[in-house]
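Below you'll find the structures, each written out as structure tokens.
Shared chain: subunit A. Partners: subunit B in the first complex, subunit C in the second.
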Partner chain A sequence: MAATAPPYDPTNVAAEELPRTRWWRRTARNRSIWLGGVLIAVLAIVALLAPVLAPYDPTKLAAGKRLSPPSWEHAFGTDEFGRDIFSRVIHGTQLTLYVGVVAVGIGLLAGAAIGIGAGYAGGWVQAVLMRGVDFLYTFPDILIALGLVAFLGPSLTNAMVAVGISVVPYYARVTYSVVLVERNKPYFEAATAIGAGWPRLVVRHLLPNIVPPLIVVATLGFSAAVLSAAALSFLGLGAQPPAPEWGKMLADGRNYIARAPWILVFPGLAIVVTVLGFNILGDGIRDVLDPRQRREVR
Partner chain B sequence: MTAARPAAGAPLLEVRDLAMHFPVRRGLLQRTVGHVRAVDGISFALAEGETLGLVGESGCGKSTVGGLILRLLEPTAGSVLVRGRDIAHLGRGELKPFRREVQMVFQDPYASLDPRQSAGAMVAEPFAIHSLAARGEIRDQVARLFDRVGLRREHMQRYPHEFSGGQRQRLSIARALALNPRLIVADEPVSALDVSIQAQVINLMTTLQRELGLAYLFISHDIAVIGHISQRIAVMYLGKLVEIAPRATLLAGPLHPYTEMLLNAVPIPNPRLKRKHQRAVASEVPSPLNPPTGCRFHTRCPLAEARCRSAEPVLREVRPRHHVACHLR
Partner chain C sequence: MTNYIIRRFIVAVAILFASIIGVSLLIHVVPGDPVIMMIAQNSNPSPEQIENMRKALGLDRPVWEQTVIYLGKVLSGDLGRSIFGSQSVAMLLFDRLPNTLALAAAAMVIATGIGLPLGFFAAYRQGTWIDSVLMVGAVLGVSIPQFWLGLILLLFFSLTLEWLPVASGDYRSLLLPAVTLGVTYSAIIARMTRSAMIEVFTEDFIRTARAKGLPEALVLRRHALKPSLIAVVTIIAVVFGYLMGGAVVVENVFAWNGIGRIALESINRRDYPMIQGFILVFATVIVLISILIDLAYAWLDPRITYR
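After this line comes the complex of A and B, so read on.
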């Protein structure tokens, strides 16, 4: 009945390794980081080399080849205007990563600034900032983004900005909570005791300690931003024709779903792979940076 | 660069009627429903090169006293005089020169070091903040401090989690010494350490005191440790000082029943102290939110009389240099 524990082996020093070396080892061994990292790396390379990799011009019309199924000539087939879907998906990678980076960048920078301001200042500053954030948080992200795009006018740039702004409350709350935890730790008092002023406290002590959790939420938030932007484009409020945006491709192709499913399948798969890649990578980074959280989740 | 000028004859540190009441807020509007009287009017003084031990149970407010002296907290009332200058209500900029006189070693060697700052950077930070050394010299200064506290210079690149508890506390001491202070407030500096390591850290502190002429305010719940390092001992109970006397006097002849109780709790094989006064009952500490009337110790005191419940005893000198706050002494 009793499971036999392995005998004590004094030569097994793995358990006593210094945490710093373990950090690298955990990263190298973590399958999620490898899988997600490789997926994202491939996407990034595809995005960078899109003009080289794409066999056709993604916006070139070819009336004679409308709705042709996948073939040697057109790996993913062609759409209702005869455009090569493979080339369009490849070029779409550029747009998607761009949208993700900008939207997450806006959300993270503004959110972190609010969260740090509220968490560090406390008092009425905290009350005003965080109640405002709570108010925005009650609306679904996509609704805020929709409203903003309606206000700004439909375009890919406005969609990116709108998605970025819509996720600010999320990043603000996450940042605020980690700032609260860190600023109440004794090392913060210790820095005050040696005479550190607030700029030093925030830049030298607070930031380095809150960056790791923020990296995790930003990676996971990337996929959400990509999905929101695709949704806006799907609704016609984001990328405008003939831009090869994946969400837009889905929207335009949905009338042909029965006759030419490849129009939808490939852009859809591209979205799935991207979202999956960032989610897996984010999970992996979280596991490495915070092994405690992983155990709680399981 | 001039530190606060010493006022003639003023002690290094003097605390007068110091009080810290933390408001307790409840409900949606965060109304103040009461105050935790963590420190409730205490006074004492500390001379250059002296070690004063501050002892009491957890929650009696002794760490708050440390925080107040370092001005990590702003007191509700009273004053903290460093060389005669009141620092209790100074602004942040005005506090800077004072930081060089008084430094702190914290209780938890795990949490009081920034996990993302290397050991060398941590000890170098005070030099940078106070512009005490040119860029090129800081490294040398840090190396010298590492030598001084018994850390290896090669370990400057390391991060706090790569050190043992004792090494971290040495690091903490090195950081405190960087500003060349006259007083170090040590808040439970050895409580988180193994007993064998405790002795090393205490010996280090004693050596540093001899070499540098430092004064210590040594805060601990452990009267055995306090008795080892201090020249004078102050006993604190629920935000008040109940007894203060030179070490030998206090250990050999405690006058306050609470001090007796603390001493009885120490398992020292000393026949002179042992089983001499075993009358105090160990019971729950009352809440500082609503401290008992009269003498705060009367709820636990085996000798309590009627007047103890109504009148609060004041700290008075019953023998030379031996102060006690008890109606019965």
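After this line comes the complex of A and C, so read on.
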């Protein structure tokens, strides 16, 4: 490690070493980060090990066991086709996390590109990009996603893409505002003056400042994306049968809820736990990263 | 002030124009031929029928021409015709619009009625156990999917207790969807109100008011009230947009006869003129509300001079 120590940089001492250690200590002491982090870690493990953990095939029909209540054999009961709900909920974790990652990934990449492009280029590029972002920002994301899926056609892929596009404005706005602040600071001017090209300016100087706020937006945005995608699947516009998607499971089981309430309970709880995990983690990360918020908490 | 209103109005008109253009272009993201997607669902159309349909929808013209024609039609109040039964899209939508607005208004009343006082109280008692309990509740509230809460309420109050009808179309069937939307958005409002109020409570003028010995009630009424109203107006503006989105989902849980239901029906039937119409109606309502909110904002906030 010592061999690769960076050359002495006087501006870095104050800016990096001290706050960074404090920063980690705050992270380690933050209860929200622990709670949210553990919840999400568990979900990720469940998703990875789904084929091992699920006792039954999530799509296997069993005519003789329709709507059987929770038992030792079927922990969460069975649905209207006799499928094991426990296995379906477990396999649904994979779908939900996958949808969230893709949707947030689209929003994050496109949003950061737009924000950096607009903030860095200025002029008409900035005007066109940010007007477009402001325009989309006027409308709630579920409506944008719904409108897109209406024309793209119902499928899980289209729902993911639609949700991803619908959240681009959030990431673009955050990125843009950070770029605006940073590009007017003396160090940025200095870097430009000594002839740093745009790739270096963006990667070395802008990205490190953009990443922390984007982590907050992406973590909280993950829960929003999961909720939107589940809502689209519930409306029949996302995952298609027999995919064990939680929103779709609730939609398909809705006619049986009076006779078999367990159909309603478990997929719904799964959504709540996932969304809650990301919300708690996001709140915790924001408390650590956002100094203004921190003062308020104290 | 007048200038500000005029400028804000121009922005709103620009957003509506952009919406119309965007919506007219949306039909081109349909994978494949939209005319065939629409017409081939229930019959085996002849090539003639397909061409007639294409002409009727103007899809045989260049894209820019389609957009200009659509823009002109919308501005004259014509949203086209449903491809099923060829009823006027505008008529069908405006028939249902009052239902959606009634649901949104009722939900807004519930959401603010619960969220505002709780958020205010949490901020006032910031850092105490009451604050913690309220905020844990709020995180839980924003994490519950509306369609799930709706189904649970339906199961509980309509199917098990049989207190409320499953669907009747009168004010009683408004109650459950409004509560569903209201409860979930009250959590968002509580969170936003709390952070806005914490900002107000740490203002210098509040500290000054307390320091000069004003009774707490007077501090709250005379100094904290107005800045908090400004925050509340902003919050309501944001939440109203979300609420219109949520209404689409919740209407379909409770079979509430609003635009959200017609929207899903037309999406499932690939009735593209109808889908374009519903998006435009929603866009218009959201833009109109945002103008109203801006006016309220301008009127309430003395710190900002609108040039």
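Going forward, the second predicted complex is superposed on the first by the 274 of 298 C-alpha atoms of A that agree within 3 Å, B and C clash if a C-alpha of one lies under 4 Å from a C-alpha of the other, contacts with A are read in each partner's own complex, and residues count from 1 in each chain.
In this text, contacts are C-beta pairs under 8 Å (C-beta built on N, C-alpha and C of every residue); 3 or more make two chains touch, one makes a residue touch a chain.
This one's a predicted model, so the numbers in the text were calculated from it and none came from an experiment.
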Please determine, from the superposition on subunit A, whether subunit B and subunit C clash or fit. fit
Return first, second, both or neither, reflecting whether A:V275 touches subunit B, subunit C, both chains, or no partner chain. second
After superposition on the shared chain, which partner residues are touched by A:R200: those of subunit B (first), subunit C (second), both, or neither? first
Just to be sure I read the superposition right, which of the two partners does A:R286 touch: subunit B = first, subunit C = second, or both, or neither? neither
In the overlay, answer first, second, both or neither for which of subunit B and subunit C A:R173 touches. neither
Please indicate which partner A:N209 is in contact with in the superposed arrangement: first for subunit B, second for subunit C, both, or neither. first
Looking at the overlay, does A:A190 come into contact with subunit B only (first), subunit C only (second), both, or neither? first
First (subunit B), second (subunit C), both or neither: which does A:A231 touch? second
Mind working out whether A:I257 is in touch with subunit B, subunit C, both or neither, as first, second, both or neither? second
Have a look and say if subunit B or subunit C is in touch with more residues of subunit A. C
In whole Å, how close do subunit B and subunit C get at the C-alpha level once superposed? 7
Which bits of subunit C are touching subunit A when the two form their complex? 15, 18-19, 22-23, 26-27, 29-31, 37, 126-127, 139-140, 142-148, 151-152, 154-155, 159-160, 195, 198-199, 202, 241-242, 244-246, 248-249, 252, 263-264, 266-268, 272, 275, 279, 282-283, 286-287, 290
Of all residues in subunit B, which touch subunit A in the complex? 67, 70, 72, 92, 95-96, 99-100, 103-104, 106-108, 111-117, 125-126, 129-130, 159, 161-162, 172, 175-176, 178-179
Within their complex, state which residues of subunit A touch subunit B. 18-20, 185-187, 189-197, 200, 204-205, 208-209
What residues of subunit A sit close enough to touch subunit C in their complex? 135, 138-143, 146-154, 223, 227, 230-231, 234-237, 247, 250-251, 254, 257-258, 261, 264, 268, 271-272, 275-276, 279-280, 283, 296-297
